[in-house]
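I have a structure here, written as structure tokens, and I will follow up with some questions on it.
Here the chain labels run A, B, C and D in written order, and each chain numbers its own residues starting at 1.
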Amino acid sequence: MSEEHHINYVKVWAWLVGLLCVSVAGPMFEIKVVTLITAFGIAGVKAYMVAKNFMHINIAPRFVAYMVTTGLVFMLLFFAGAAPDVMEPKGENWFKPGWHEVDIQGAEKELEEGIFFKDQVDH
Amino acid sequence: MIESLVPAASTYAGDIDDLFTLIFVLVGFWFVLSEAIFFWLILRFRKKPGVAGQHITGEKKEEKRWITWPHLLVLVCDVFIIVGAVTVWYDIKQHLPPAQETVRIVSQQWAWTFVHPGPDGELDTPDDVTKMNELHVKVGTLYHYKLESKDVLHDFSVPVFRLKQDSIPGRVITGWFEPTMTGEWDIQCAEICGIGHALMGARIFIETPEQHAAWLAEHGAVSVAALTPPAVEE
Amino acid sequence: MAEAVPITHDEHEGHAGHTGIRSWLFSTDHKVIAMQYMFTGMAMALVGGFFAYVFRTQIAFPGMSVPGYGMVGPNEYNALVTNHGAIMIFWVAMPVLIAAFGNFLIPLMLGCDDMVFPRINRLSYQIFLLSAVVLLTSFFVEGGAFGGAWTIYPPLSAKAEYNLTGPGSTIFVLAIALEFVAFLLGGINFVTTAMNSRAPGMKLYDMPMVVWMIVIASILFMASVGPLIAGAVMLLFDQNLGTAFFDPDRGGDPVLWQHLFWFFGHPEVYVVLLPAIGITADVITVFARKKLFAYRTVLYTVIATGVLSFTVWAHHQFISGVDPRMAHVFTVTTLLISIPIAEMMFVFIATLYGGSITLSTPMLWALSFIATFLIGGVTGIFLGASGEDIYMHDTYFVLAHFHYTFYPIAIVGTFAGLTYWFPKMFGRMMDDRLGKVHFWLSIIPFNMIFLPLFVLGLAGQQRRIYDYTLFPDLDLPWMWALRQLATISLWVMLGAQLIFLYNFFKSLVSGEKAGKNPWKANTLEWTTESPPPHGNWSELPTVYRGPYEYSVEGRDEDYWPQNEPA
Amino acid sequence: MSGRPIATTRSASGMPTGLLAVWWVIVSEIVIFGGLLGSYIMYRLAHDAWTAEAAHTNTWIGAFNTLVLLSSSLAAVLAHRAAEAGDGRKAHHLLWWTFAGGVTFLCVKAVEWSIEIRAGYTLASNTFWSFYYTAAGLHALHVLAGIIIIAIVARSAIRNLELHRVELIGVYWHFVDVVWIFLFPLLYIAK
């Protein structure tokens, strides 16, 4: 591990703080797309910078990067497999009557409606 | 094969039994073959005085093909099974043929509530007939069921239909079946639902249209009162 | 080349010299920890087996007062079934196959003196022991043990008014969470040891299969258990702090738990399968005096299985809530898994070709693993096929299927390994004749238990019912005959285990002394004394070749130890 | 640990055993947080109503905590460099800065939570808040564990002992930092 000594850590840190400011400023434009990019795009960049410059993942043996990527890929798999029925309020031949603007008070009432509902899915 | 154990009383019971036979034949072939070779090798290569084992790495191509070819053939069989499984699944669970009548099935700890459409054939009308643990259907009629649960997971299972569907609280699940022969059989709860899981048996009565009409006439009047939600709650 | 082991390991209490139960309990020596895992696992196996005896008797003779237990109520029945499953998988299969064999074999087979983190290793066992105790306490709390199946599906598990075992269900989730922590610590230890501490000259491809398998299993476990740990926290909060993660009335979704659970639950099957496969590979090669057929192919198929196993979990949920369109994807991936597994079986069969087979007790177990696991494998195809699962799901067919996988794994695999490494573990040979009697009295009743259950499953008998007289269609005489046949076979099989226990302890004290290498095997553990001294070798070995060089032409010996210079 | 087994001193993989283990810990942590945050994202996308709830989180406190963690990470990595140079005393000082960062983070969290709980946003009031407290709480536990280990490592570092541990705890600390980098937009910014 030698190259790391050429990294100017303070500079990296300054960059991270700068990006932090951007992500905080993002929502002030009140544009959803901008917010998403500034929030999560920048989070990704920041995470990469920390991993590369502070954790030295690029200097460590290659398999470390593989290990981490595998973990992340499996999480994407999990999301892809679970989202179609956990995230959706309605799917093929099923729907969740209680899932419109759920709040604690309304929930019971909505579930009752769910149980004696007027057919909402039409096939 | 399954039919010799349980009668097949729905339009798609036959498909499932055929799929079973298909898989049984394909898989059975490989099973018998490999077990036969396996035991033959054990007998053939028992330790004999003066006969040493051979040094085979299995890394050479001509050796490897002894396992490569079989497993490619297994892959072919898999394709057939996948095609069969996917088509059967699509017909039963995904594709909904238009309904002639619709029943609502509400599961709770530990009983089934079946809401039958009354003589007018429409659900959620005053003449609906609500019954606990008794589902009455007409033979040769295509039913949709609306499956709901009040508390925990249950599973609406009718072995003679080869039908199973979990009921999930907070979801309304629609499915279909079409009875093909008259009779009286079990409805099970096939998802553990607490202490009374074993008590969640119900009966399905598949009747001729005449019998069904008679049954409706008999119970319709009573259950108009019982239709109001509180009555179903109990 | 070889490093000399320092005489005094002050990290290593409880080695030769120190005696007494305390130093044994708190030892950091990998062999001692392996034995602790082994005996804890065996004890839990007796508990799980007793549960099976109780509820099988209740199924076959409902309402009869079970000798040694008494009447079985529905709530007790559910609790027994639930905990039988949880115990056999989490407190028997995993500790014995992964932790016990892993701890004992990895350092010995890699030619090093201990695990890389002995104290973490000890901590992992202590947490595991704690988890076992915690689980058992749930039988003595108010309301009794949790009875909602080992899959702990909410809302049943989340609300006390549904499961009526409030404290029990919380303790159950806690125990499982603790057990996961123990195996995370252990797994990190195994993987790091195998990656870093191999003997000089030992390449990755020189590692014995069983080490590879335990390492891959540990990796699978680490990569899959995370979501369930998160899920366990969420469930505990739902149970005790009034959150609504899985409560549909308040915006949660019970199906999320099923995904969190099975994303771990399916790889878990391979986590316990792989060590058994590895043990089989090692035993077969030794007693067939054959090189393992296509070593690398086996390895690649196993890795393929491991990766695939992360893409198939929802086949457990075909009819329990997963969207119908998703079922197609999971059917395809599920049936694809049959390819690597089939290839694995073919490899084992091919390994027998041209061998010189001795049917010793370990060999019998290893061979019967292949013969019976094949049944478990092929019946899995029926359930993986979504269309067929509509009928099969949650019937006794499923139950028989996974017992045909788990029994070969957890019982047959364990006995293969135990009878094979017993001389190395305790320095004495086991009685071969008693061993064979035990084998036949275990394997024949096992098949007589579960083959009838396949038929009952096809006849539509659903699971977790304590009294089938409640279902007219399942109340037929021939069905009762099959149920009773299964139960009586179970009694025989459990009885046969007494033969093993007798043999085990008799051989422990009076078995004939085993030399360094009674089986004439290649792997490194056989190059040290039996049982290995503290630090394993006075001088750590160096490796010159792979583990499976048997019957090499032009040698008068038909084996070639890994550490023997060319 | 004078009696460290020879096994621990070997490194066939070309990576020191301790560091390798830390990376495996991180992988298993990734899937733990991944499962939790994955569930959160699914629910969040399903319930627009949560935007209203999320509006009550305080972006500025979150941003300040991010700044604190980033800075403590800087101190940690500088400590690692010092340790590699063999300067245990300097590593020791820098580690205490990291420690201070961790403590500050936890104190700020405590204040923030007490404000929110007093405002009536408790663990059980809504599933958004359930996730908010669960995810942030799980992360806070990692911070807590981190600072304890940092204290231990720093104490041995000043005596120039076990300097390799400075890198290990550093890598772990950066991971905790990265987790927060994702928690911050998920819980505070997306409104």
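For the reader, a short list of remarks on this structure follows.
Rule of thumb we're sticking to: a contact is a pair of C-beta atoms (placed from the backbone, for glycine too) under 8 Å apart; a residue touches a chain by one contact, two chains touch by 3 or more.
Source: prediction; values computed, not measured.
Set against the C-alpha centre of chain B, every other chain centre is closer than that of D.
Counted by C-beta pairs in contact, the busier of A-C and A-B is A-C. Centroids of chain A and chain B (each the mean of its C-alpha atoms) stand 38 Å apart.
Separating the centre of chain B from that of chain C, both taken as means of CA atoms, is a distance of 31 Å.
In terms of their C-alpha centroids, the spacing between chain A and chain D amounts to 18 Å. In chain B, the residues that reach two or more other chains under the touch definition are 93-94, 170-171. Annotation for chain C: residues touching 2 or more other chains are 223-224, 227, 248-253, 255-256, 260, 263, 321, 324-325. The residues of chain D that reach two or more other chains are 13, 15, 24, 27, 30-31, 34-35, 38-39, 42-43, 47, 126, listed in rising order. Checking each pair of chains for touch leaves A-B, A-C, A-D, B-C, C-D. Partner chain D is touched in their complex by these residues of chain A: 1, 4-5, 9-10, 12-13, 16-17, 20, 23-24, 26-27, 35-36, 38-40, 42-43, 46-47, 50-51, 53-55, 60-61, 63-64, 67-68, 70-72, 74-75, 78-79, 82-83, 86-89, 99, 101-104. The touching residues of chain D, counted against chain C in their complex, run 1-8, 10-13, 15, 17, 20-21, 24-25, 27-36, 38-39, 42-43, 47, 123-124, 126-127, 130-131, 134, 138. Of all the residues in chain B, the ones that touch chain C in their complex are 1-2, 5-6, 15-16, 19-20, 23-24, 27-28, 30-31, 34-35, 37-39, 41-42, 45-48, 51-59, 63-64, 66-67, 70-71, 74-75, 78, 81-82, 84-90, 92-94, 109, 151-153, 155, 157, 159-160, 162-166, 168-171, 185-186, 188-199, 201, 203. Residue ranges on chain C touching chain B, taken from their complex, read 74-75, 78, 147-149, 153, 155-156, 162-164, 248-249, 252-255, 288-297, 318-321, 324-325, 327-328, 331-332, 335-336, 338-339, 342-343, 345-347, 349-359, 367, 370-371, 374-375, 378, 381-382, 384-388, 390-391, 393-395, 455, 458-460, 462-467, 470-474, 549-553, 558.
Residue ranges on chain C touching chain A, taken from their complex, read 223-224, 227, 248-251, 253, 255-256, 259-260, 263, 310-311, 313-314, 321-326, 330.
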